[in-house]
Structure formats: C-alpha cells, structure tokens
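Order of writing sets the labels: A, B, C, D, E and F. Residues in every chain begin at 1.
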Amino acid sequence: MPRLSEVITALENLWPAARAESWDAVGTVVGDPDQEVTRVLFAVDPVQEIVDEALKLGADLLVTHHPLYLRGTTTVAASTFKGRVVHTLIKNDIALHVAHTNADKADPGVSDALAGALDLRVVRPLVPDPADPSGRQGLGRICELDHPLSLRDFAARAAERLPATAQGIRVAGDPEAVIRTVAVSGGSGDSLFEDVRAAGVDAFLTADLRHHPASEFIADHAHSPLALLDAAHWATEWPWCELAAAQLDEISDRNGWDLRVHVSKTVTDPWTAHAASVTTTENLGAPN
Amino acid sequence: MPRLSEVITALENLWPAARAESWDAVGTVVGDPDQEVTRVLFAVDPVQEIVDEALKLGADLLVTHHPLYLRGTTTVAASTFKGRVVHTLIKNDIALHVAHTNADKADPGVSDALAGALDLRVVRPLVPDPADPSGRQGLGRICELDHPLSLRDFAARAAERLPATAQGIRVAGDPEAVIRTVAVSGGSGDSLFEDVRAAGVDAFLTADLRHHPASEFIADHAHSPLALLDAAHWATEWPWCELAAAQLDEISDRNGWDLRVHVSKTVTDPWTAHAASVTTTENLGAPN
Amino acid sequence: MPRLSEVITALENLWPAARAESWDAVGTVVGDPDQEVTRVLFAVDPVQEIVDEALKLGADLLVTHHPLYLRGTTTVAASTFKGRVVHTLIKNDIALHVAHTNADKADPGVSDALAGALDLRVVRPLVPDPADPSGRQGLGRICELDHPLSLRDFAARAAERLPATAQGIRVAGDPEAVIRTVAVSGGSGDSLFEDVRAAGVDAFLTADLRHHPASEFIADHAHSPLALLDAAHWATEWPWCELAAAQLDEISDRNGWDLRVHVSKTVTDPWTAHAASVTTTENLGAPN
Amino acid sequence: MPRLSEVITALENLWPAARAESWDAVGTVVGDPDQEVTRVLFAVDPVQEIVDEALKLGADLLVTHHPLYLRGTTTVAASTFKGRVVHTLIKNDIALHVAHTNADKADPGVSDALAGALDLRVVRPLVPDPADPSGRQGLGRICELDHPLSLRDFAARAAERLPATAQGIRVAGDPEAVIRTVAVSGGSGDSLFEDVRAAGVDAFLTADLRHHPASEFIADHAHSPLALLDAAHWATEWPWCELAAAQLDEISDRNGWDLRVHVSKTVTDPWTAHAASVTTTENLGAPN
Amino acid sequence: MPRLSEVITALENLWPAARAESWDAVGTVVGDPDQEVTRVLFAVDPVQEIVDEALKLGADLLVTHHPLYLRGTTTVAASTFKGRVVHTLIKNDIALHVAHTNADKADPGVSDALAGALDLRVVRPLVPDPADPSGRQGLGRICELDHPLSLRDFAARAAERLPATAQGIRVAGDPEAVIRTVAVSGGSGDSLFEDVRAAGVDAFLTADLRHHPASEFIADHAHSPLALLDAAHWATEWPWCELAAAQLDEISDRNGWDLRVHVSKTVTDPWTAHAASVTTTENLGAPN
Amino acid sequence: MPRLSEVITALENLWPAARAESWDAVGTVVGDPDQEVTRVLFAVDPVQEIVDEALKLGADLLVTHHPLYLRGTTTVAASTFKGRVVHTLIKNDIALHVAHTNADKADPGVSDALAGALDLRVVRPLVPDPADPSGRQGLGRICELDHPLSLRDFAARAAERLPATAQGIRVAGDPEAVIRTVAVSGGSGDSLFEDVRAAGVDAFLTADLRHHPASEFIADHAHSPLALLDAAHWATEWPWCELAAAQLDEISDRNGWDLRVHVSKTVTDPWTAHAASVTTTENLGAPN
C-alpha cells in the first residue's frame, strides 16, 4: 500500500501545481504525507456531503476539482462550514488534494473529458499554454462534430449526455443553425469569450453565464451568428472525475498499489429543482 | 409638447443621478435637450432590437434600465454594435436616458415592481439607503407572503407571474420548506448575500447566480435553511418598465404633455431555448 | 467612390493604431464603415468650429490629430460640447478619424512636418521607436540647420514660418547663442527633456512649456547652455495636416478614388489676443 | 538681533505649515536655528541666481515661494544644480525658508497680492479653506473691478501693472466682452477651472495654461463666455514677495529686531525673449 | 463542564475580537464549539512543542498570544509545520484560541502584565484606544518607578524579573542616567517610537529592535536622552499568560466550571545560547 | 592631489551605483566635485559622531556603508539630526559618499569581508547577481570552515573575531551540532532565509533577526536542523571598512594620489550595555 506522499507525487505528475493559474490554490490541503492510502474518491466539490460520502466509503484520500480555500483563511474552526470539513477529514484520517486550473490545462484535462462526454473530436486547446511545446495543453478545447447538427439537436445531445441537473441546458441562438465546430470549457467560461470569437467556431458550451456578458457576446455577433450553450457548472466538470479516476487506476496498476478508486455520483450543483415558464418557447415574453 | 430637457428633469426627479452607485453610469446618453418629445418607450436593455422597435413606433425617447456604456468609450463608430445603436438613435432623433441603480434604490423602485409582480407585500428595503431619512429607499426589498407557501408552490408562482423566459426559475432548497418571508432583488443579487443572511428571511429571489457563490450560500446555512430562486435577469427587471411608464404617464397628465408612453415586450434575455435533462428531478445525478 | 472602410484601411496603413501610446485613443470615433467618402477635411482639433467647417464644405470624413475623447465617456448627449460634436457629425453623415501618437511616431510624421515648416534637415528621431527596425520612426526629430543662426534669428524664422498665432514664440537662452542643431517635437514636449539633454543639441522647439519644467531644464544646463523655444501647440501640429492631406491625395490618385482633400485653416489655438509688457526685453523685471 | 528660530516662528505664524497642501514641501530647508538673522531677502524661486543675489546683499535668510525640493532627494551633492544651491547657502550661513501653498491660502496671501497689483477688490476666496471659520482663507480670489472694462482693456491693464516679462499676457475670448468680475490665482491655475465655472465670473487670470485644458475650458462655455488671461507664472507670484516683506518688516518693528528686509527684482521666469508672429491679430491663421 | 463555545464567549468578553488591529487574525483557529473543556493551557506561541505539552497535559484548549496563521493559508497539510500543528490539535480534540492585539489593548492587558513583572506603577496607555471612553485601554503603558534608579540598575532589575533568556537585556543610553518614568510595550515596539518621544519618558522597554530604527531613535534625542531596553520578544509577553490564566480561573470559579488552568513554562524564544564579546563593556569596539 | 570627482570615479568603479537595489540610495550625498581630497575616512554609519571624527582627523571625504537619506528628504535644516550632519559636512568641506547594496554585491564585498573576519573560505554568493557573468557577485556568501566546529565553538569564534559589542552573538540550535558550511550576510539577513534553506548549509550568520522570522525559520527545519547566529548589525559590516580602505589605498598608490586612508573604530551599534538573565543557559525559562 502506498503512502500519501507517493500518491501525491503521482497526482503532481498528472497535474503539476506550477501549471495552475497564479490566483489558484491547488495541491494537498489536508493530510499527513506518511499515512497510507487504500481507497480514493474523486468529486467536483469539497463539501460536507462529499466528505461524509468519503467517510462512509472508507476512503483515505479525497481528490476534488474545486479548492476548499481559494482565498487564504486564518481559521479552520468547526463553527465555519469549511472548518467543519477540515475537522471531519483530519479526525477520520482522510486527506484532501485539489487539482483545479492545473487539471483544466492538462492533456487530457477537464475540457477533454467534457468533449468526450459530448462525443466531440478535440482539435486543439482554445487557449494553448504558451509554456507547452506540444501545443496540446491549455484552457478549453476546440472540437468538431462527426456530422453537422442543428443547434436544437446539439442542445438535446448535451442535455442527454451530461449528468442530469435541475437546470438543464440554456441555449442562445437560432435553433436551426448548423453546428459543425464547438468550443467547450468546463466551469465558468465567460473570460474566454474573446478567444472563442477568434476561433471562428459555430457554438460555445460552458457554464455560469450571466446576462450582461452573454447578451453582449450575442449582440457583438449579429452578422456572424455564434450560439451559446450554458450547462450546470458541476455537470461540465463531473466528466473529468471519471477521466482522472481512470488515470489513477492505471497508475495504481502499474505500481502494484492496489488502490480502490471511486467517483462520487452526488450532485453538488446548488439547483435542486426547476419551474418552467408557463408559455412555450414560441410565445416567450412579457405578459400581455 | 415638452422638450427633452423638461422630460429629463421629470425623470431626474423620480430617479436622481446622485443616488446611483459610484461605479454606475446613468442619465442621458444620447439626445439634444431642445428636441421635442411626443412618444416614449421603456425597456430593460438599450440593444439594437429595442432601438429598431423605438424607431418603428415613432418614439423620440427611449428609457432603459441598463446603461449603454457602463465603462467609458472613446469611440461610437458604427462598426461596433454599441456605436451602431448610437448612430441609429442620433440619425432618427431618438434620445436615450438610463435609470439604473438610481431606479433600483428609488421608492417605488425596481424591486418594488418585482415584488408587485410576485404578489408580495413589501416590508422594507433589504439594504436601506443611509442617505434616505424615510427608510423606504435602498437596494432589494424584504417582503411577506399573504399566506405561507411551500417553496415548490412559490417557485411555481414566480414562473407563472414573471415574464416567460426560456430559462424559467431555478430553485435551491427543500421543495416542501414553508416560505413566509422573501427577499427580492431585480438583476444580479449575489452581492447582497450577507444582507439576506442578516435579514432572516425564508428565501431569496434574484438573478444571475453562479455555482460558487450559490453553493457557498447554501452550505453556510445547513442548519438554518434558506432557499434560493434564480430567475432570468431580464424577467426580474421588466416589471419596473411598467411601473416607470405609469409614473411618467401620470406626470404627463399632470403637465398636460400628452405623451404616448409604451413598454417594450421584446425579450432581451439572451437565452432563447432550453433543453431539460432527460431524468426527472427525483433521479438527477451523474450517469450510472 | 470609396467606402469609409476602404479609406480607413488606407489611413491605418499610414498610421497603424498599434503604434500609438498605450494611454492614447486613436482610430475611427464616428461613422458607418459602409458610407461613401468623397471629400475629406484635415484639422488639428475635433471642435464644433471645425465640424461646422466640414459641414459647410460638404466633407464626409474629418481626420484630426487630437482625439475627441482621450478618456472614455459614458454619454454623448448634445448637452455636452463633445456630445454636440457627435450629434452634428452623425446627423450629417460625417465620419471622424483620429491619428495622434501614431501620427507622431510615423515616418513621415508630425515632427517631420514641423521640421519641414522650419526648413530644417531631419537627422533622426529624438526617441526612436524600439519596434521599428528602420530607425526612422519615433517621437520628435533631431535636425540640423543648413547654416548656423543666432537664437534670435532662429526664433524669428520660427515666428515667420509657423502659422501665425497670438502667442508667437517664447524664447529662453542667450539671443546671440549659435544654433546648429535643433530638436523639435509637435505638441507638448516637456516629457522629452531627458532625451533632448542626451541628444546634445543647441535648442529644443516644442509647445505648452510651463514654469517649473522649463526653469529646471534651463537651470540644469547652466554650464552647457541649451535654448528653448515654445510655440503655440496648434501651430506646431498644423503642418502635419498639410503633409497628411498630401499623403491621402496621393493614395486617392493611385486608387482612382477621386477624393477632394482639404486642410482647415481655422486657428483652434485658444489664445486669440496678446498684450505685451510695456517694457522692452532689455529692461524686463519687477516694477521699481 | 533675532535668532533664526525666532524669525521662523514669526513666519510660521503668518503661514502655518499645517495649512499647506498634503503634497507640498514647505518650511525651513537650510539653516541652523541658532544662527542670527540681520538681513532677509524674499524671492519667488530658490535658484542659484537668487542665492548669489542674497550672498552679494549679505542676507542671512532667503524666503522663497517655491520649494527647492518638492519631491524628496537623497543627495545634495554640488554636482546637481539644487545641491549647488544647498552648498552655497550653507557655506555662507544663509538659511532658506519656503512658504508655498500655505502662503497661497493665507489671508492676506499670494492671490490677494496679485489682485492688489491689478487694482481689483477682493470679494472672497475662489476655493475657501473648509478649516477656516473666517471664510477669508483659501486658494485664489474672486474679485470685482471698480468699473467695467473691455477684455482688451483689462488685458492691457494686466500687462502694464504686473512685472514685465517676455511673454506678456495671452488672452482668450472676445476682446470687446465686458469684464466686471474676475477670478485670479497666482501660479498654475488650471486645477481650479471647475471652481471658476461655478463662481460665475467674467474672466480668469492665472498662469501656465496649456492647449488642452484651456481649449476645453473655452469650448465648454460657448454659450456663456468666460475669458482667460495667462500671465507668466513668476509675474503672478512676485507681488506676494512685496506683501510678505512688508509683513515681516512690521513684525521686525514690533519686536525691535531691526531686520533689513529686501525683495529680489531678478526675473526668474524662464522666457527671456519673444518673437511675435508676423501677421496681426486680425489675420492670424495658417499660411495660405 | 462547559462547552468550548461557552469558554470562548468568556474569552471574547475579556478580549473582544473587534478590538484587534485590522491586519490581525484573532479568535478561534481550531476546535468544535460543542466539545467540552476541562483543562486549558496558556502560552505565547502556537508551536509544535507547546501543542505537545498541551497533549501531554491533557488540555483540551490552548490559548496563545500569537496567531498560528497571521496571513491566510490555503492548506493545512501536515507536510508544513503549521499544518502539523493543526493535525495534532484536531486529532487530539484540542482547540486553539488566539488573543493578540486585542489582548495588547485590553485593561488589564499584555503591557500591564509586563509592567507588573517589572514592579512598575502603570499611569496610562502609551497609545490610548480612541474607542475606549475609560482611557485605560490601548497599546503599551506609561509607568512610574517607585523610586528613581540608574539605567544600569533598572536594566539589572529587568534581567532579574523577566523570564530568563539567552539574550538577556540589551541597553542603549548612559548607564548612570536616572530613570523615573518608563514606557513599556510587550513584543515588537518600534512602531511606537513616535508615541514614546511624545510621552516624555526616561526609557522605553520593548523587544525586537533593529539597528536602523534604534540608532535613529537614539540619534534623534542627542539633546534630551531617552534610554532603550530590548528584551526577548517572548519574555516580554510571557507575563500576560499568567495574568490571563488568573482571569480565566476567576471566571471558572464564578461559573462553577471547575476548569484546570495552566501556564506553559517552555521557552519559545528562538535564541538558545549566547556568546559574549571577549572585551568588556568599557573597551568595546573594532579590533586594533 | 586628486579632485573629489576623480576619487568618486574610482569608487564608482569598485561599486557601480547601477548595481545597487532599486530601493537603495547610493553615491555622493554631499560635496563639490572640484574640491581636492587628501584624507579619507571609512565608517559604517554617517552619524554626527563619525562626522565629528572626520572633522578632527582632517578628512575631506567620508565613505559610509549606510545611506544618510534612504528615503528622500525635502529639508536639510540643522534642526534635524541628519540636517545637522549635512551642515557640519558642508561647512567643513567634507564630502560624503555611500556604497551600500552595491558594496554588498561587489566582489570582494561586504560579506567577503565578514567571511574573512570569521576565517571562512568563500565558495560562492548566496544570491548570485544574474547580471554578473563571473558568478562571483551577489548578496551574501556561502562559506566552508577549514575543519568542522561545534556550533558552540563556532559561536565563540564569531564572538572573538568580530568587533566587540554589548550584544555579543545570539545563537539558535543545538550547541553540539557540527558546522561545516555557513551562509553569511552582513546586516539584516532575514529576507534571505529562503535562499539559505535552498543552499543546504549548516548555519546562517547575520544580524537584526526578530522573533517571528527567526522562530518560523527554526520551526520549519525541525527535521533538518539549521543553526542561526545573530551578531550586531554594525559588527557584521565593519570588516568591510577595512577591506574598502585597503582597496582605495591600493588605487591611491597606483595613481600617485598620496591619499591618507583611515578606518573609524567608533562603535555605532546602538547597544552600549547588556544585562544577562540571572539563570544559566541550562535553566532558562519562566520563573517558577
């Protein structure tokens, strides 16, 4: 059985901390390098619900995509919900390791997993990492469909293939537009709008889009339409958990570690229900 | 018939520019103070589609909630989509006036109109304006329901009463929780989370919520549940257009101006379609 | 007849926006890329007086050296004097294009035109643009006189050859000093004092000099005298209008555009009159 | 004979350092508090020429309006022109004391002396000091003429009454406009433009005005003309030297100090000559 | 037996977090509000050695003066020495609470304990807290000796009465100077030099003084000598542990909590040995 | 006899100002480039006591390691202690030149002299200057002992060989630890802790260490012990004065300048006495 320090070295090889954005907080958050690891759980969010799942499962390492503390803290008292997470982890000898923007940029990374879930063929990164000579690492991915689909059909495919959420998929653009190329980015993608424009794709699928950036993005393309698809943040990043778990499985086999590797199926998207407007898409609008 | 300068004086009385947030950009954006005004159109967004509607309608003044330029511009060339708006307005003698956070804080203001649409009784502002001795101006509103509703039923009411949008209403929290008091805030409300917590309400209805703030807001209330409802940004602010139009109508009558006042019914929410996840709310989650 | 977009492409070739200083605001400010251009007016300042001249002349493109909005604006309402300019331009289908520090740095550029007006032979830029391999682009110019002149005579030449203004030429230094080499910079040149010192010239002609920088510049050269000549800002940049107009004329001929190109003769220097001190240069000083 | 510390206490009473702007550097720059003072020289600028005059005169205290070091220095080596001033002063036991914005704001202060030289009646400060209950201290002065003058005649009066300089007076505005009220501010006054506009005066006399602020100030008043007069910076502040010298004389008498108090007549304006444009004011403009 | 939350409420009453400096990080760092408290250890530094002592002692609450994390952290992994502290505390159900600048300012506070150890009579705070109407709270203390001592004798008293450290007491000033009044400040006191000067005392005892501030402080008082005494940082703050323990003991008795309250005697000053210069104080200096 | 400007050129060759840190203030502070130099005094601090020594000695140039004004000043009035220094220097024709971080980085530099005093063999800079191709310039030095010593014995050697001070040497670490390699840095060295850790040495000797950085440095090395030695700031830099004096002597001989070069033996460390704790190193700790 490997020690935590050995497993973390393997995870660091997959997603080197140095590759994370400067504002990010990745790496080991809780855990003793000398403890042994037998069971690992992958999840998107390091919240109490997931920690309780790890505990029930008997995992001694939890790997999440989102940091527990993105900004520094001066307290881990259990009177705070994040401190409660720290107490539960340490009391139960569960380590926590985070791979965030370093996993976004990796090859394969978060957007590769998202593209895979959507059955898209990855062409190249949306924002190639200038430090990567292979040209395959970076944020987001530019993808091709095997055969063209209408926006309506592509949205239906996304709703079907991504993990089910209360929000579903929000779509902007002409439902009959033909989609041949798509940019995808797991998580909040509005900071990549300029790169998407430059890429010349037919659609952009990401999450967490708000009124003003989305409206201006659409308005700015009146003459060269570019569709937007907005999925639940959690749903766009969950496919990476399966990819990452498979990568660690393979490493475990290679090293004879005999790790048990799991992927959490708990939905940590905050939205738990949805109420549709009473009118149909055709007669949307303000009340008469 | 009044001159633009006279109408603007009336609008300034309703929503004084000095009351806007320091980062905001409100007031007259386009127009000659000496031109005459006969017809006014109210809308949420100063986009080309709305300007074309104003033109078709023969309006000579467009009043919007959102600024055309929130950050300063050094060009209004028609090769940009906002510059195209400026050219269309000036070529057709249509003035543009903006009431944004000054209308949010007014009494009655944007969140009063939203509360009205939802059939809620306003108790007080969520963040009272310290400069207002009446205690009735400020951001957001704290409201009471006439009789308690489950979260499920309250969400259904919101979906029914707000202007119909492709996104509908996203809900976080226990669908059976009983809702007696609600905080509402038109537009993006996540900056008000701390005030909502302090207010001790049962639910918060606003727009543009993203994964991280919404998830942390929910996690931080594990022991004293507080529901979230997320509507389309446009839909939460549209009721104000009707309120504001009625206010101007009344002023027109009082002054014998004989203005024709309209409210745009065009949906300027960017989302035009929605694809629901294939599973029901009960079996949401990652694919097996 | 060319479209505005074609003429602007030609102007961009002469003065690429990317070459402007980072704080500058150059390029097209008003106008529709599809409108046709038949008549162009060049001027230093985009003020109402010049716009009225363009209108009277029937120009459909105004090219100025100074930006209309150097800092971003959130309003172009006609109640502001700059908004009035925008309204007049758009109502009358007159486009406005600005070439400022990109024209300063061009070869030939603003200081070349100034040197030409003063009958000086340009040797090299005062501050060569490090991005230009030719070594001929940059701010200011270092020049030689054909034959040495006294400072008094050189000042007289500047007063005679530059466009006449109420201010004339202010001179600092010994009137009998011999001038062989001169640095010139159109517009406000005090930020270039260190480069002028390093250049080892006999005099520096520029505009908008104030008491403290000018006094310290002189004091710092007590042992190696260096004369200063201060002309009206407008007068030092006006020669560029003639140069630029000739450049566009040539392009028009080459493309068979048949443009009518004009240069405004309106003085937009703010100073309209001058009252000389009653004493002569010889008995300057405080009253006895 | 008083010690330097006693004289400085008296000067501090007239112009307390605490009243200076936060960016300013006033007070004693050179000198030993124990040295005796018998002869004092007042001047605008602490330059070598003035220090040499103090030395020749036998002064042991030089009081100037402008700071020697407005920004901090880490060297006073005599290889710099300001360090040379420090060496000359210390070697010759001459102290240097500065009263800058504290003298501007005093009652009477720099702009009172300027108003006096122009034969104007001071009404109140242009920017009253909020810390002064008397309402008489502050920057600039709003003044009345005894009887109205045309702008042309008022400019002629300024040219005649202020110390003679090579630059004379530059004037913007209609020469025939009637001037009844004037704002004056010794030194560079463009930061006060907004206060001048608010004051509703007919003209503003100050120094060091540049093309852009002056042009925009004029353009912004097309419909309510407001004239500008620009004199040499030195000339607008020199009258204060005479006022301050008289104040110290009076204190000396009162204390029986028997000080000899002088005012330097040396012109430290950088401009030593002027070359007028060859055309008259009537046919100003670009060459035909 | 009280719960942690009850004990913390008592500590918060003694040293309210709101009274700490804005840059400080005080309050509960580790621990579950619901755990029971039976034994408490007070110490200056939350280092591993102290945590091990708490563990051996069976303490379930450690109260320290210094924060564990003064700047925020994004990891508590046990591979860092601070993370190791967090792991040990949580694994062993030991809470950690910090009272830092809030304890400095309290009445009685850190400098009161220091004055008590030195047998000084406290007169008033060195920097009174403007928010405290009693005038007794604030940073540092101004004290009187019962009868005057030479600086040599006062230093000897400090060396004898403060906890013994390898560094002892460093002294600056004339050993024969008579000391009647002393300012004291536990911990690093050089930010209080200006207040000490204003207080007019004979000596200042604090810790962590460095060459430049100490030298300039001494040089600036050539004519009104003021002695400095520099003790070990730890030694100046340790007396507060005894004071604070007594305060909590008293609260425990009052509430019938039956707490066992201890004070750590472990020296956490980093310096463990000292090598004196070979010469005596009389012939200090550079080698001949 | 050389002029000051010639001697300064020689000093600049040894310690070019361009090599100083960007926040530093080095070079000539006082003096006339044309004055003659016959006698030079080297010292660590430019304080009045040293200036008086220079005066008594008849020196016309004082070279110090520490700047007189590290931050800029706007006054050199003799009422301040630094202004008194300037007055004394200028009145007595004594120049002041500073070599600070440029002397730290030089080869040989301040830490070479310190290593020499301690009989250490320099291996390489602790922080090599990236601009130096020789690899021998930079901050601090990594050194080897001729034969291993216990920490106790190495501390004793430092106490014996460095100039005697009241503070002596403070030591952290196991007295019996074997020291083979040492990093040294004259002056305050805590900003170099990270480089020391990376260097893998057995001990670090520097000055001005404070509780928090020193404690954390020690705590962070629990498993790979690294000793600290803290000497008086002045004592660690004084050896450089002898080195620098010898360098100038050699230059004087080479140029036939016949300079008299002296090194001040005055101790300018602020600490003039020391009171040891009454207990021995073995029973350090809080009173029982």
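What to note about this one:
Throughout what follows, a residue touches a chain if its C-beta (ideal position, glycine included) is under 8 Å from a C-beta of that chain, and two chains touch if they have at least 3 such contacts.
Model, not experiment: these values are computed from the prediction.
Think of each touching pair as a link: the shortest run of links from chain B to chain F has 3 of them. Identification of common neighbours of chain A and chain F yields E. Annotation: the A-E interface is duplicated by B-C among the options A-B, B-C or C-D, judged by over half of the residue-numbered contact pairs being identical.
Think of chain A turning onto chain E: fitted on CA atoms, that turn is 180 degrees, to the nearest 5. Taken over every residue number at the interface, the positions common to chain C and chain D amount to over half, indicating a same-residue contact.
Among the other chains, C has the CA centre that is most remote from the centre of chain E. Note on chain placement: the centre of chain E and the centre of chain F lie 31 Å apart, centres being C-alpha means. Annotation: 66 Å between the Cα-based centres of chain C and chain E. Our note on geometry: chain A versus chain C, Cα centroid distance of 54 Å, whole angstroms. In terms of their C-alpha centroids, the spacing between chain D and chain F amounts to 48 Å. Starting from chain D and moving next to chain F, the ring of contacting chains follows the order D, F, E, A, B, C. The residues of chain E lying in touch with chain F in their complex are 45, 47-48, 66, 81, 151-152, 155-156, 158-160, 162-173, 175, 187-188, 207-212, 214-215, 217-220, 222, 228, 230, 232-234, 238, 263-279, 281, 283-288. In the complex of the two chains, the chain C residues touching chain B come out as 5, 25, 27-33, 67-79, 83, 86-87, 90-91, 95.
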